[in-house]
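Across the two complexes that follow, subunit A remains constant while its partner is subunit B and subsequently subunit C.
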Partner chain A sequence: MTTSSLRLRAGLVSIVLLAAFLGIWHLAVRSTAPVATMSPEYAKLMGLTATQGKSAMPGPFDVGVKLWEHLKRPFYDNGPNDKGLGIQLGYSIARVGAGYLLAVLVAIPLGFLIGMSPLLSQALDPFIQVLKPISPLAWMPLALYTIKDSSISAIFVIFICSIWPMLLNTVFGVASVRKEWINVARTLEVGTIRRAFTVILPAAAPTILTGMRISIGIAWLVIVAAEMLVGGTGIGYFVWNEWNNLSITNVIIAILLIGIVGMLLDQILARFTRMVTFPE
Partner chain B sequence: MATFDDPFDADRSLQSGCACGRHRSASEHEQAALALRCEPVESEEKRYEGVVASALMRAMFPQDLARRAFLKSVGASTALAALSQFFPLQTATEVFAETGAPEKKDLKVGFIPITCATPIIMAAPLGFYAKHGLNVEVVKTAGWAVIRDKTINKEYDAAHMLAPMPLAISLGLGANAIPFAVPAIENINGQGIVLATKHKDKRDPKDWKGLKFAIPFDYSMHNYLLRYYLAEHGVDPDTDVQLRSVPPPEMVANLRADNIDGFLAPDNICQRAIYDGVGFMHLLSKEIWDGHPCCSFAASREFITTAPNSFAALTRAIVDATAYASKAENRKQIAEAIAPANYINAPVTVLEQVLTGTYADGLGGVKTDEKRVDFDPFPWQSFAVWMLTQMKRWGQIKGDVDYKAVAEQVYLATDTRKLMTEMGLTPPASSYKSFAVMGKNFDPAKPEDYLASFKIRKAS
Partner chain C sequence: MTEKFISIEGIAKRYPGAGGATTTVFENLWLSMARGEFCCVIGHSGCGKTTVLNILAGLDAPSEGAVIVDGQAISGTSLDRAVIFQSHALLPWRTVLGNVAYAVSSKWRRWDRAKVKAHAQTFIDLVGLTGSEHKRPSELSGGMKQRVGIARALSITPKMMLMDEPFSALDALTRGTLQDEVRRICLETGQTAFMITHDVDEAIYLADKIFLMTNGPGAVLAEVVENPLPRDRGRTDLHRHPLYYALRNHIIDFLVMRSKTFAAETPGHDPRNVPVVHIGKPGLTVASGGDDQRQAWIPGSSPGLTA
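And then the complex of A and B:
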């Protein structure tokens, strides 16, 4: 059995699963509810759910048509509260990028420091253990109250949620660099700084990158919730705005896009991880 | 006269135009003179001109007798001509209409996407802000707590708030005490009690024990009206039913999912529940208290003192928009203007039903009530006093409260009256009025007696 034929068969199964899913979805939301008789002028004032027994849940075709509409013009701007999906995703990615980069700038140097010093590692451990499990959204009211700016608050929330996996992985990666390698460096009288960059960093890089990969996933999860909370712009706001209009079709489209963008972000980090991985 | 007319014709006047020279013909001059009298005028500019001219006349003739004698002897048109000789009436009118350049032109105003915010929202697409020299961005906001925080944080210069919220913020209930002010009420009426369709035979509130109701916010007229309504029917809102604070859009979804039995909510949400076939209109809030305030236009004291001209222009735009929205014939146009995703984001049919008052009741009937929602900007201080009595009744305020002082500090009836008079509108002369809620009279002068008269209230 060659790998190419396995891949082919896996792809086929994927397509069959997708088709089955769409088929079941389509059947499940068919209009089946009994329609009450009503006068025409009354019916004119009512929605399709009430007049034609149309399910409140849109079918795959409704979603497809709407998705096509969005894809045709992703960057329209009808004012502060109505922008195209492309723009909304752009805002979200920019927020995630800002919060995440800040977290990288803090977590990796700090992780290095903690990983190289057993004293710091033990002293800071209780704080990290307490702060780590806090849901990032729990910070939101506090952030809004102290920072007094909702978009910076959103970035702060991304920062605080993506810092822990990176920090812990960096600490772990740095602390578990093989003793022999460090000893060899010592024997060759390599300085501390040089040792950190030429021996420890390359050795710990795969672990650090894994932490970064976990972080980006969490950051993307959190941004949607954060934007739903503070509103204004972003894909989370889009979900909220369409939820406000009870437009489930648009909510489903947003869910799909959130999934795709999340996958792309993860793939990018995965590629970086492969680049720094080394065989032992 | 035309260029080629014979200047030596004795029957022709060489002077083209009128006596004062500012109008093209004598008849136009007459028209302008008419505007100086206190008669209703159509356009806003004319209204301002009238106001300015009458102020000028008053200044010149402090005694009315002298003014009348002067007008009688020379006639109104000559008087106008004479006046405009040495006083630039036109320029003064323009200056007056602007009343000082706004300190800050680009403003952000937050709103919640419900029809209560109609004047705030429509002022953007229909150009009321632009008319008063402002460039306002109206920003949709996720919920009442967020709009409160963003206004306190100065991300918004002013905002759409539930009428009791500025009182609560000023008193420091549910937030740090920050002085806020209400220059205008947004809408009156326009809410409703919607029940799930399965309760269509349960119309008597006495049978509602054990039901779950949703309200949009704790400091809302919705909360106070629902509690009032239940209590009047002998149902204690704190012990006999469950009241939950739920964001309006989630109310419809929760009603569909059977998580709640009904809600007292702002419109378009009520009508939306009917439109989607999940509930019916039990009662319009108008039937509890006709003319009750619902939402307000609010700003912090700090904004008012640092940018008084911007604030005045903003208030004028809102008052203008509110006046426009109060006319039934404009309602359809407004419904279309505020329906897109940039504003309320709701089906036009739903908004039309709310604004025009011809609506499906959810039980198969079509009802008409033109005053289902109405718009009246005047911030009656008695409204504030009533809300304070209810806040105290339900334990939101503990201890004593100086009703009058708080009402006067937050509800800017005096300033709004002045502004409305300047705009040529006729605001009420008093800031207090008594009114009846479910047939029970409220006298704003005796809030404590009113409070004591309720049997059902939170024991404090």
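And then the complex of A and C:
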């Protein structure tokens, strides 16, 4: 009863805050500048900003109308510089997915090995400590030079940025499995492989999934920057392209969509984390 | 009983200490148990009780010496020796049935799912958890969790059970019930059991033999006390037995006073021939070395013995 009313009240406050934000935005971008008189030819070149004193920043209604246009036709393709937002987001998600899955395939088995072996753990520690803080975009030139394919380079950048949180969390999760659970497996003469799958993996799964959740967030942050550099397709390229077109409306729409997709990716991983979490 | 089912022969445990020195928890420890015997170890914290149990379980290796079970020196853990952990150590992501079935399928790897389930269910019923098979450990009370631990240990039909203060985390009522259960099960199945406890009454109720250990570091097995109470003793009339208080006083006197001073006061203590104390009987026999090495026991050297 109290929780439902709390949710209701919180929802109401959210809506009020949104309305206030949209209202302030609308008021802030109203026509304010003086209207200059000029020849019609010149006025055509200058656009509404000069002729009607309209702010260069679009208001919420402009964005809403444009967004509706995009949502109606998300998958159109009019050539390299004019594709639907659905297609652009699809490219970005596909790149993130590919780089991220590669990172999962490397980080989790490797993390398992490192976590189970104190020798490997100490031997690899300096490498991980040095590689971890490198900005993923710093790898871009090296990737472009060696791979010679901009699209695969972007995937590599996603791979390299999402591997660290997963690797470190897997190592930590595996290394900190409770001794008593390991002892249970030992007294039952459970072999190493079976122990890894029936005791260590379930015990470390919540920590591993937390690492995977951090990684997907970082990967989605990085893909926008990587696509701005690489160009061609993707939501990051779309943002940069629309900036070059001076379409602030489209840039705002892209920002909104990047946020929503990032939230959805995070929610998916959060759901997986809840599935493997066990109450003690 | 002359048959040595379990024989601990001169084991020691040492840890490297600070500055190259070694800390000796215990050394030259000899101890034997017959098949079907229930033995309790009592001693203060830090005397190495848990280490002895871990060595018996194969979870820990002795720095010296050997442990022989059923005629074979042990190396590592074995399904023949089941452990009931103090903290129950259930796998929280598995149900009650899942936890027991995990042990069952570890012992009989070729059994199909139905057979494993049926076997696990038998032992869940045995410890009185019928109806809670599909609950997770987090939904169980402390006593129920430990019942699952007992069912898991029994389900692999071990040759012996090792218990490290299994009931110390439970409330008094639950502890009593579980002691009854463990006693019933061990008598019915003829289990050999080795239990660590801090609870003198628990030891008197459950044990056939009580091992008294002195304080560590450098702990020794001081005495083996034979329990004079009948094997079919009941919880309710236990304290009416004429030898009950003599036994209890002897153990408590040891824990309160003699466990600290034993090493200093008994310079001729032979760890291979630990004195066996028969409460209420004159004379003192010597364990391990056989019955030929009887020693005279001087009444009065240990208060409470001559009840």
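One rule holds for everything that comes next: the second predicted complex is superposed on the first by the 276 of 280 C-alpha atoms of A that agree within 3 Å, B and C clash if a C-alpha of one lies under 4 Å from a C-alpha of the other, contacts with A are read in each partner's own complex, and residues count from 1 in each chain.
Following the convention adopted for this analysis, a contact is a pair of C-beta atoms (placed from the backbone, for glycine too) under 8 Å apart; a residue touches a chain by one contact, two chains touch by 3 or more.
Every value quoted in this text rests on a predicted model; they were computed, and no experiment measured them.
If you put the two complexes together on subunit A, you find that subunit B and subunit C both fit without a clash. Of the two partner chains, subunit B is the only one that A:Y42 touches; subunit C does not reach it.
Look at A:L246: by the touch rule set out above, it reaches subunit B but stays clear of subunit C.
Aligning the two complexes via chain A yields an angle of 150° at the C-alpha centre of subunit A, spanning the centres of subunit B and subunit C, rounded to a multiple of 10. Residue contacts after overlaying the shared chain place A:N81 against subunit B, while subunit C stays out of touching range.
Once chain A of one complex is fitted onto chain A of the other, the partner contacts of A:F127 are absent, as it touches neither subunit B nor subunit C.
When the shared chain is aligned, subunit C comes close enough to touch A:F278, but subunit B does not.
Of the two partner chains, subunit C is the only one touched by A:L188; subunit B is not.
Between subunit B and subunit C, the partner in contact with more residues of subunit A is B. Of the two partner chains, neither subunit B nor subunit C is touched by A:W68.
With chain A used as the common frame, subunit B approaches subunit C to a shortest CA-CA distance of 51 Å.
On subunit A, the patch touched by subunit B and the patch touched by subunit C do not overlap at any residue. Within the complex formed with subunit A, the residues of subunit C that make contact are 57-59, 76-79, 81-83, 85, 87, 89, 91-93, 102-103, 106-107, 136-138, 156.
Of all residues in subunit A, only 36, 38-39, 41-42, 44-47, 49-50, 56, 78-82, 144-145, 148-150, 228-232, 237, 240-246 touch subunit B in the complex they form.
Of all residues in subunit B, those touching subunit A in their complex are 113, 124, 137-142, 146, 149-150, 153-155, 248-250, 252-253, 256, 272, 274-277, 340-343, 345-347, 349, 353, 358-360, 364-366. Within the complex formed with subunit C, the subunit A residues making contact are 178, 180-181, 183-184, 186-190, 198-199, 202-203, 276, 278-280.
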